[in-house]
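Following this line, the structures themselves.
Two complexes follow with subunit A in common, the first pairing it with subunit B and the second with subunit C.
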Partner chain A sequence: MPTTDRLRDGLAREIGAERILSGPSVERTYESDAYNVDRSQPTVVVLPESTDEVAKVVRWCRREGIPFTARGAGTGLSGGAMPALGGVVISTKKLNRILEIDLPNRRMRAQAGVTNIALSKAVAAHGLHFAPDPSSQTVATLGGNIAENSGGPHTLKYGVTAPHILGLTLIDAEGEILELERGFGPDWIGMVVGSEGTLGVVTEAWVRLTPVPEHVETALACFGTVREASECVSAIISRGVLPAALEMMDRNILMALRAAFGLEFPDATQAMLLVECDGPREACRQEIEAVEQAFRDFGAITQQRARDAAERAKLWTARKKGVGAMGRLAPSVVTHDGVIPRSKLPEMLDAVYEIAARYQIGVANLFHAGDGNLHPCFYFDDRDPRQVEAVVAAGTEVIQKCIELGGSVTGEHGIGVEKLDLMGLMFSPGDLAYQARLKEIFGTNELCNPCKVLPNQRGCQEHRLRWRGVAT
Partner chain B sequence: MSNHHDLEELTTHCIRCGFCLESCPTFKITGAEPESPRGRIYLVRGALEGKLPWQEIQEPLDHCLGCRACETACPSGVEYGAILELARERLGSKPATKALLTGLTNPGLAKIQFTLGRMLPGKRMPAALSRLIAGSPAEADLPRPQPTIPWPELDESKLPPVTGQVALVLGCVMRVLYDPVHTATKRLLRRVGLETVEIAAPCCGALHAHAGMLDEARTRAQQMAAAIPPGIPIVLNSAGCGSTMREYGFLDPGLSGIANRVRDLSEILLEHGMVEALREAQGFGGKRITYHDACHLAHGQKVTQPPRELLKAIPGAEFVEIDEADTCCGSAGIYNVVQPQMARALLERKWGHIAASGASLVSTGNPGCLAWIEQKSRETGQQIAVEHTAITLERAWG
Partner chain C sequence: MARGGDVRFWGLDFPEPLPEREAEISAADLVATFSAGWTLGEVQSMLRSEGLLIPHGGLCLEHPASQWPVRAADLTLEQAIGFDFPHALGHLYGGWTDWVLGLTVEDANSPGSEVKLGSRVVKSVAGYDGQKLFCGALGAFGRIVSVTLRVYPLSVPLHADLRGSGGPPSEDCVLHRVRPADLAALEATVGEHALALDRLGAWAVYPLGQKEDPPLRFAGDQLWRYGQVPELNPAARRLLTQAKVQLDPNDQHQPALWRPA
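Presenting the complex of A and B:
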């Protein structure tokens, strides 16, 4: 029997034919996530509706020796949801219910496919929200946020996803249903969060609900040099202000936003800072005034403060849609992700511009300036294999530079397949072997989201060229 | 073939970020990526690059509502509506869809068909015809013309002087099914000092354009343009037509001038002081009302606030928002005829939100949405009135 039929029929017996998608249009649309460089097609896609159904699918895959990969919204930026060795994609898009809201304990239980924003909306009337806020929050799922340990502009003050996860239901690689809680003993949850779907499939989670701040102030300033803007960031923090968000956009991002949304800024601008403070009204006002003083001290060309919620939303739309706006410049964007000490930013940006120029590809930079997380975004034409190779090579140089400056390979987008080769730059072979051992605790095997995170997995090397589309 | 538009070029603006996924009604219902905007664009691109055969992408494209909610969500400015129309043109339309469109968009023919339809047992489209077009049983009742409303004569002494003229496009479906909406429209325009010139050209070409019959659409657009007097604003009270007419430049660059004069009725009324005029109206003491965004108004023309501001200005009306107000109701031109099951699923979802709001009246700005949501209202015992915004506003005067 052809493979597709075998998988479809076998899984149909487990969870019903109507939960299974297959065929050329399915293979194509699930071949990659938002990382456009590597592609690999699934044989079938399943849309289970319960923890039990996921467990059945995983057990069946295990029995039959078929690889499986979880997928939420497919907004990942490192190829995590790409089914590297084909097989089954387990989509969480039908695991989309909020199950329990426990207001007294400020927690909520939801299925993995619920979008980040839906979590916050469900409790907005009670003045609460789910604090991690990746820019992709209108679509990215809870499961994806957990797998990538996603952050967002407000991570500076509220932390990444990990501290906001209080409990998990995980189908491990053997198909066992595990209920993980915070408590004594090893930090199981901490191990699963950020493991990029390699330890199993998360079907449900208890999330922490955080009060919406009483008051918010948002201010924006344009600077004539990246150095002034960077020094201003350091000054804000060293003066004892802890903004909720502190974002920097370089000139190229601003140009894309100008083209896309008519964003206005002075022509001499090289960098823009967006700063948000929140908390009790009076404290918040003092903080934003301190920020504005810093803007002035470091020679901001212009500055403005949002007068109301509508103006604030406008300032943020520009920031949150910055990467998307680049779609107007070229068919593909690879958003890189590295971490550097804040003080090294001017040097780092010079290096990024130099590397991009050398490889003749366009680049624009977004920077979570508060925590040193830099996103250089390369824009290029993914139909041209030479450009694809150039983007990969340039990305490697960017990350090497991050490490050279004392930073790290990823802030929040994960390793996936994108950064497999770069793991060796950060970790010794001994470290990597130890990480591989860790996976075994969860009874992991070569079927659960194979070829991700850890380099040199069996059977993966020979597939690399195929993913990269240079061996079609 | 419209050679001035490069379909491939249009698809390359999609960077596959996925930001559009949750705005797409068919993706929300199915959870399946081929039924999402990102998926559909990538499929079109795949077919163009020869990665998969065109017939493999027919079904996902057939399922698309053409509601363009994805355009509103997209940060990259992807022109999905244009991609869809051009891709449908490449695929060619089914003969039965063509026949249906010819009947619908010719006012004389449509009248005969609707009348014939109502003489048949049951109210639905005959099963044989439905299967021919959709391959499954019909969900949509045959539309029936709205009975005329006996408005009293306007009292000229209480009206402001006439200060200008506007051209009102009567359209095809609208004229046959919702003639009272045109009457209400003219009365409202007069209430803010505008005189109406009626444009009787048969059809604007919208339904043809959405089905990818671009040549047919272009001919109709040119006929329409020739029938409109120069200089004055062109008013539409049908969202689908307005959206296509605003984009006439896509069909024929020579028609961009006409396109720039097109306005939705709600915009014109708001600009000419309807909010102030409504202060004199008797209003609806205590009635709770809501609004459903027609896709081609909210996403196609980006008009969302003017109708709301007008409805909120009705004395005594309590305006509430429904959840997912700007999500498609499933009517989508002829979609509820060619894709009955998906259309039904969307209607049920929409109705759930309307019922939950506690409103006793829902207004909207497009004939397709009206007929479709009205049907649900009839099925549930007509507890909630479904009206064109123009009717609601005019009824504020009693």
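Presenting the complex of A and C:
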């Protein structure tokens, strides 16, 4: 890898010295995202302000053979923004402008570094919003949402990020500026969304603006067994109701919430379901009544429905503060991400508890039950190497079970570097070779966010021990 | 004749589906897998008996314009995906690219070997979403062997509000999902011709005039033209060329398509 000075000088000629950061604190800040098990430091970080500047940086990297990795807010949970082979991190921090709001056509053009919440705030007065709502939305960026195809509690009804992207500007791995739009022909946008920044750098996008629903109903129920709650999830959907959100929390999460925030629930509660329906008032009322009937049919101990916005916010407390409360359970928490067909939830949750018990580690579950998107959180003491080992092994077993039940190794956190080894559980070598060819369509080379998504890429294996900090 | 309802557009042939046809529907998961060869009509009736549907306007709506330019029911599933067959409920439920969760395709590089793309669950971000490239590719990247779809409960509201003529009389028509703001202008321009539109979804179908050429003045997010294969923008054309090199290097599938003049 060329020296920091050489990189600084070369890039300074392209976009100006003031847009380039380097030094020990920069290296530490940008060495990982929110998945900090693996780390790798960049040589420099650049802060371009426009599509042209990003293109200049990428072309320069290409000419010089320097790896480059795009980065938004760094909230990714699989190591996607970690500069695996060092080189240049292209931060979208200064690509932070909303460029055009087209209200009649319900769309907005924004730069990739704008936060998810800022998109919605910009049009809130007009009764519109950007529908994808990851829990990290106050800081996570549009570019990060696009790269990870992020979802959130309301994905069940409104979909993940992909359907909300109408067009985008991509600097491909060769430094070409591609304007992609929804039109006739293959869905190129669908291919770029979710590609974890490995097909190029997104600098701008047109996003779809969705009307804020006319009416919302939110209900919550407590169940005496996890099985009743998880069977109720399938029943709600089978009865023809498509809620906007259908979330589940188990007893361990609730106990943490009780300790941290005084959450109240009946002592016999083993699981809680939170369901939100939205749409035209009458249809919405009918849907929530059908949900409440399902609660009763599956033996809910208690149930309540929000009467106004304040009560709705209260009902959402358990879901929204759950991750924060987890800190009370143990020094360390690892959140997994896997998907199963939702009808398999009862069997899957039985397996999660059995696996945790066998490895003697704690587990709590709070997740997007309606999508079958599981987030088992293992809590443990990371100062004990045996517990760390147990958590890693238990996590792999959970994901193996997801695949056995016909699911996916990830529903929203992505592959990054974390799940490289698990891709082989879901895809055959032939499938993976085909995916490598799909990547090549974008002229992708080994410099553009290297070592992510596909396992066994050339020149990556030997770096894996270094990322874990165990290389000599 | 195995090719669905024998629909043919733009002179493109789709490969004959294999004789064995299979279907697996899970109402609780809102997911269904079909092998190639089923027509959309057949698929909808199988789904209906399970209380499900694909919210494809072409089938859900009775208005004759929604059946244009062919009865969607006659398309095979792989044709509907290959054409990314448009419909009037996109504003509510998206289209094929949103419904196709996974595909099994034949690798055109090594005929006979099958490749799995995407997943069989409603949410997955594992790997590259190659299944999306087959939506709208007109079969140019290879043969689809089976399809896993996200489906919907029969009870979902279907709000398309089609009005206008009984469908355009002329052969060379366009079907257009325009920008909502352009609807009134579009109506004014082609109003005297047959026009059917859905105000809510900003979806319109109208004939091309003999002399005037209105549609491209209303560049929308989807265009379907009966008389000829629609043009691609430069970026899409560039990617398509590269995709052919990667996925169908011997140009066995739809060889004459989108070839530079």
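In this section, the second predicted complex is superposed on the first by the 445 of 472 C-alpha atoms of A that agree within 3 Å, B and C clash if a C-alpha of one lies under 4 Å from a C-alpha of the other, contacts with A are read in each partner's own complex, and residues count from 1 in each chain.
What we mean here is this: contacts are C-beta pairs under 8 Å (C-beta built on N, C-alpha and C of every residue); 3 or more make two chains touch, one makes a residue touch a chain.
All values derive from a computational prediction rather than experimental measurement.
Of the two partner chains placed by the overlay, only subunit B lies in contact with A:T29; subunit C stays clear of it.
By the touch criterion defined above, A:D371 reaches subunit C but does not reach subunit B. Look at A:T141: by the touch rule set out above, it reaches neither subunit B nor subunit C.
Once the two complexes are laid over each other on the shared chain, residue contacts for A:R383 go to subunit B alone; subunit C is not touched. Applying the stated contact rule after C-alpha superposition, one finds that A:S238 touches subunit C and leaves subunit B untouched.
Residue contacts after overlaying the shared chain place A:A325 against subunit B, while subunit C stays out of touching range.
Of the two partner chains, neither subunit B nor subunit C is touched by A:T51. More residues of subunit A are touched by C (comparison of subunit B with subunit C).
Taken in their complex, subunit A has these residues touching subunit B: 21, 23-26, 28-30, 32-34, 36, 45, 47, 73-75, 91, 93-94, 96, 113, 115, 136, 138-139, 260, 321, 323-328, 330-333, 381, 383. Within the complex, the subunit A residues that touch subunit C are 102, 104-106, 148-149, 151, 155, 159-160, 162-163, 166, 176, 178-188, 190-191, 193-195, 234, 237-238, 240-242, 279, 283, 339-343, 368, 371-373, 406-415, 419, 423, 426-428, 430-432, 434-435, 437-443, 453-454. Those residues of subunit B that touch subunit A in the shared complex are 12-22, 31-34, 36, 38-39, 42-43, 46, 49, 51-53, 56-57, 59-60, 73-78. Listed in rising order, the residues of subunit C touching subunit A in the complex are 26-31, 51, 84, 94, 97-98, 107, 109, 113, 115-117, 119-130, 132-137, 141, 152-157, 179-181, 221-224, 230-233, 235-236, 238-240, 242-243, 246-247, 258.
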